[in-house]
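Below you will find the structure I want to go over with you.
Letters are used for the chains, namely A, B, C and D, taken in the order the chains are written, and counting of residues starts over at 1 for each.
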Amino acid sequence: MGIGRSWPEHLDPIVEEFSECFDSMERYELLFEFAKRHPTPLPPDEWEDENQVHGCQSRAHVVCSVDDTGGFLLRCGADAQVVQGLMAVTAIAVNGMDPSAVAQMGPDYADAMGIKTSLTPSRANGFLNMFRRVREEAGKLV
Amino acid sequence: MGIGRSWPEHLDPIVEEFSECFDSMERYELLFEFAKRHPTPLPPDEWEDENQVHGCQSRAHVVCSVDDTGGFLLRCGADAQVVQGLMAVTAIAVNGMDPSAVAQMGPDYADAMGIKTSLTPSRANGFLNMFRRVREEAGKLV
Amino acid sequence: MYSPHAALIGGRSFDQCGDDLPLDIEAIRADFPILSRRLPNGKQLVYFDNAATSQKPKCVIDAMSRYYEEYNSNAHRAIHTLADEATAALEGARDMISSYFGTSSDQLIYTSGATEAINLVAYGWAREKLGKGDVVVLTEMEHHADIVPWQQLSIDKGVEVRFVPIDTESFTLDMDALEVALDGASLVCVVHTSNVLGVRNPIEKIIEMSQSVGARVLIDCAQGAPHERIDFDSLGADFIAISAHKMAGPTGIGCILVKKDAMAEMGPFMTGGSMIKRVTMEKSTFQDGNAMFETGTPRIAEAIGWGAAVEWLNQFDMGEIHDHINDVASWTAAQMREIPGIKIYGEPEREDSSGAISFLHESIQSLDLALLLDEGGFAVRTGHHCAQPLMDALGVPSTNRASFWVYNTMGEAEAFIDHLRYIVERFS
Amino acid sequence: MYSPHAALIGGRSFDQCGDDLPLDIEAIRADFPILSRRLPNGKQLVYFDNAATSQKPKCVIDAMSRYYEEYNSNAHRAIHTLADEATAALEGARDMISSYFGTSSDQLIYTSGATEAINLVAYGWAREKLGKGDVVVLTEMEHHADIVPWQQLSIDKGVEVRFVPIDTESFTLDMDALEVALDGASLVCVVHTSNVLGVRNPIEKIIEMSQSVGARVLIDCAQGAPHERIDFDSLGADFIAISAHKMAGPTGIGCILVKKDAMAEMGPFMTGGSMIKRVTMEKSTFQDGNAMFETGTPRIAEAIGWGAAVEWLNQFDMGEIHDHINDVASWTAAQMREIPGIKIYGEPEREDSSGAISFLHESIQSLDLALLLDEGGFAVRTGHHCAQPLMDALGVPSTNRASFWVYNTMGEAEAFIDHLRYIVERFS
């Protein structure tokens, strides 16, 4: 899924901040912070069966659309802060991008952030399911 | 069950004949012969649920009584010749004995015959079930 | 002669009067290869998920490997040596397991676990005996395995299902409500020890009360059997369900213990080979007793592994094991109560508790908490623990749960408390 | 990261295009520790009881030990690392096994074996769908596992059971009689390969004929799966039952493969944890698809072991394995026909036969014959092979049966023939 890097340049400082964490506890702390700073959270009262991402250990929901300027808009929410944090970073990455670019993007920013060391098989799977869902929805919006 | 030997003297030549077999195939041959020379076989038409010995791999049946002179009488039959042979030797051992002596006897003649090397756990079990049944019935006839 | 039985005996010598020696936890730990495991992040594993499944001592793992490497064969009805050895080991295991549970082997039916054990009672006994007008009494703290089969029975047969509530202050069964619920009951199904709360129910009293109104009693001992010696004959319950994997045994096996007179009332459940006397195209007749309920190729390796587990447990005094677990759990719970924002559901400090600690933090979501604990090497479970009616009664969707067993140490508990404090300070 | 998946790969490197290399039987034998076993009498084991259960390669035994020693944990719904690894291994095994059988993992339901697989269809599908007026068609060569559940259904639901006879000259199904029996049939249950006769039924044709009258088809592949590659999606059967232990896997596990539209017609069978969506005291709702049929703690070690077995088998071309077995069996059967008094039931020489040789001697009783063979180290099975209606058709109460698998050699066959000749000379 994409050789080299496929994330937008504006994500670079965030990727760097994560990759410089001393250990995974520090990385979790940062994820908690991003969860709070989520630019476009989906409030729990909009969580529905149709927008649920399956194969996640936590409840996770995504709603994708385009904003007034034609840019991609990802609203998403999860009950766990760790997942919410990853979603926040993802939203920061994709919001405002051209939907066709989102549909082409890879999940490599998570690797670069150093998240992978904490991703056991099904956590990795949960993240990928979320990411693929976003990409699919982006594809539909092209 | 019984230290030393508990079988009647008249069985000695038979025990010896078995113990002198060159290998277990020869011992099986001898058992086949004794099956044919069974002194008091129980014909299949007398095989019934009540006289069946349970926990035997082959079908085995025993009927115990006393003869005119008050001696024990074991009539028995099995579908496998190997079992029938062992039963024949048992019948030769106990027929004519005092029922109370049968009720006290041990199964040690089988060891002395050298049969044990061919007795896997459940074969040994089958033999012991047969032997115990005979002893129990003898007890009832005292 | 080759003896598969001898192979079952573990490393330490068999000693039934272990109550003279104090438990040597370090020696016990050495029996469990997994306890020296490090997680991918380098952290030493601290396994506090014992109520989900216990770890297995090497003698159990080896007994199964030895079966496959030395005498694997389908059991029963075969003459050859391997089949005979496999049969002897299978039946030897049945004898060992049933006598461990204080009963005879003909009152034990192997199943794939406690869940199948309860389903076997629902299909084999209740569907034969119960119908409209009959009442099955459950409790609010049952595991789904002891709820859903009875709801299905209710749908199929019109049986009434009643739930005895718990007191959410003391986290115990409401015994007055039980008294009322027993009116007209045909069957009472109660969990011996709650997998969520660690509460050990007064099953002796419940059995007595139930039988005095003429009801049969099923006790779900999935959690009870790893924590105390279950003596079927003297308890007097009609049915007891057990899983091997929670008591040092392998996955894929368990049993239902059934009183003879209750067994006589049962009809066949799963059918096929072995459980028959005679099959013709017109009709089939079945074996008597427990043989009627075991069909198909037996779980041979699993039974042998469970036999070895029971033999391993037999070295110890279960009372001492209980006390050790209770010490670790009580200390841990007391420390947790001092940590700001932590709430414990249950009273793990109670003397007869299994020591399972269900807890939540007021602001750190349970999944986050579990992840952060895992990052420190601590394995705890998170979720509804297959006990949603109990969760509803507690007013929460899920809890975190730390649960202990014989090989857990005070040192592990201290490390856990340190890490939990650190998490709460940093993330709440 | 620690990867339980890598642990599944056996000693030899994975090679799907093995059809270029001839089978190296000696290398294969070296994978099976038990094959070097000597019996208590000093004789080298010659294992000809493969239709009862196959032996297990070391990689299968080790995959299970490794699970217990390194990442044992209850799967699903837990966050901690061990639980996650166990879940990944469990689901990885499901993917591997289902893809080995040419289908997707959501069409596979784990069971304890072929017997439970067939019972699951009887309880979960037939009890929902069939009733008075419906017809289930069986054959005279079915195993009891594929007879008794249908007789029970007939007792409970009034379904009619019809048996298709075999031609006792050719030992094959009477296809004209099948044609007639299909009239009005709702379900047709046929054994892929007879465990007694080694006959491989024309299941492709049977599936086509059955579906053309609108009947669903269940194929009992307990014996078929160890002898040829079963491709569920392309066969088109509705249900296929399989046991792991006959195809290099462990005891205690098997599966039923179910077509999606048939699965949609099914209701729950055993109930409890995992298979639910939501449980309340009033009612419960269930998971969709195969998850509805798997309850309780999964057979984790067993699934991992079976996955390793399938991976081991995947190295080879099943066609070559079949040819090798067929060579050994055909030669053996031809030699046996020369021995005075020996009668063979079946035609093991036929190209598509599994090679199982059922036989009797006219004067040496079958149990005696088995004992005398065992004395030479030869493990053969003796009995009715859970196929009494077939025994009745053959007019015998039992047979001796020699059955072969990939690791058996022509040398073993020669030794067997020598010993059998010697027995017949000396004991008949």
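FYI, contacts are C-beta pairs under 8 Å (C-beta built on N, C-alpha and C of every residue); 3 or more make two chains touch, one makes a residue touch a chain.
Please read these numbers as outputs of a predicted model, since none were measured by experiment.
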Remotest chain, chain C as reference, centres from CA atoms: B
Of A-D and A-C, pair with higher C-beta contact tally: A-C
Centroid distance [mean C-alpha coordinates] between chain D and chain B, Å: 40
Distance between the centres, which are taken as Cα means, of chain B and chain A, whole angstrom: 80
Whole-Å gap between the CA centroids of chain A and chain D: 46
Two or more partner chains touched - positions in chain A: 57, 117, 120
Shared interface positions of chain D, touching two or more other chains: 1, 40, 77, 79, 81, 367, 371
Contact graph of the chains (line, ring, star, complete, other): other
Interchain pairs in contact, sorted by label: A-C, A-D, B-C, B-D, C-D
Contacting residues of chain B [partner chain C, same complex]: 57, 116-117, 119-123
Contacting residues of chain D [partner chain B, same complex]: 40-41, 364-365, 367-368, 371-372, 375, 426-427
Of all residues in chain A, those that touch chain C in their complex: 24-25, 28-29, 32, 57-58, 79-83, 117-118, 120
Complex contacts: residues of chain C adjacent to chain D: 1-2, 33-34, 37, 39-40, 45, 47, 49, 52-53, 55-56, 58, 60-61, 64-65, 68-74, 77-83, 112-116, 118-119, 140, 143-149, 151-152, 163, 243, 245, 250-253, 268, 270-276, 278-281, 283-284, 295-302, 367, 370-371, 373-374, 378-383, 386, 388-389, 392
Of all residues in chain D, those that touch chain A in their complex: 1, 77, 79, 81, 84-85, 87-88
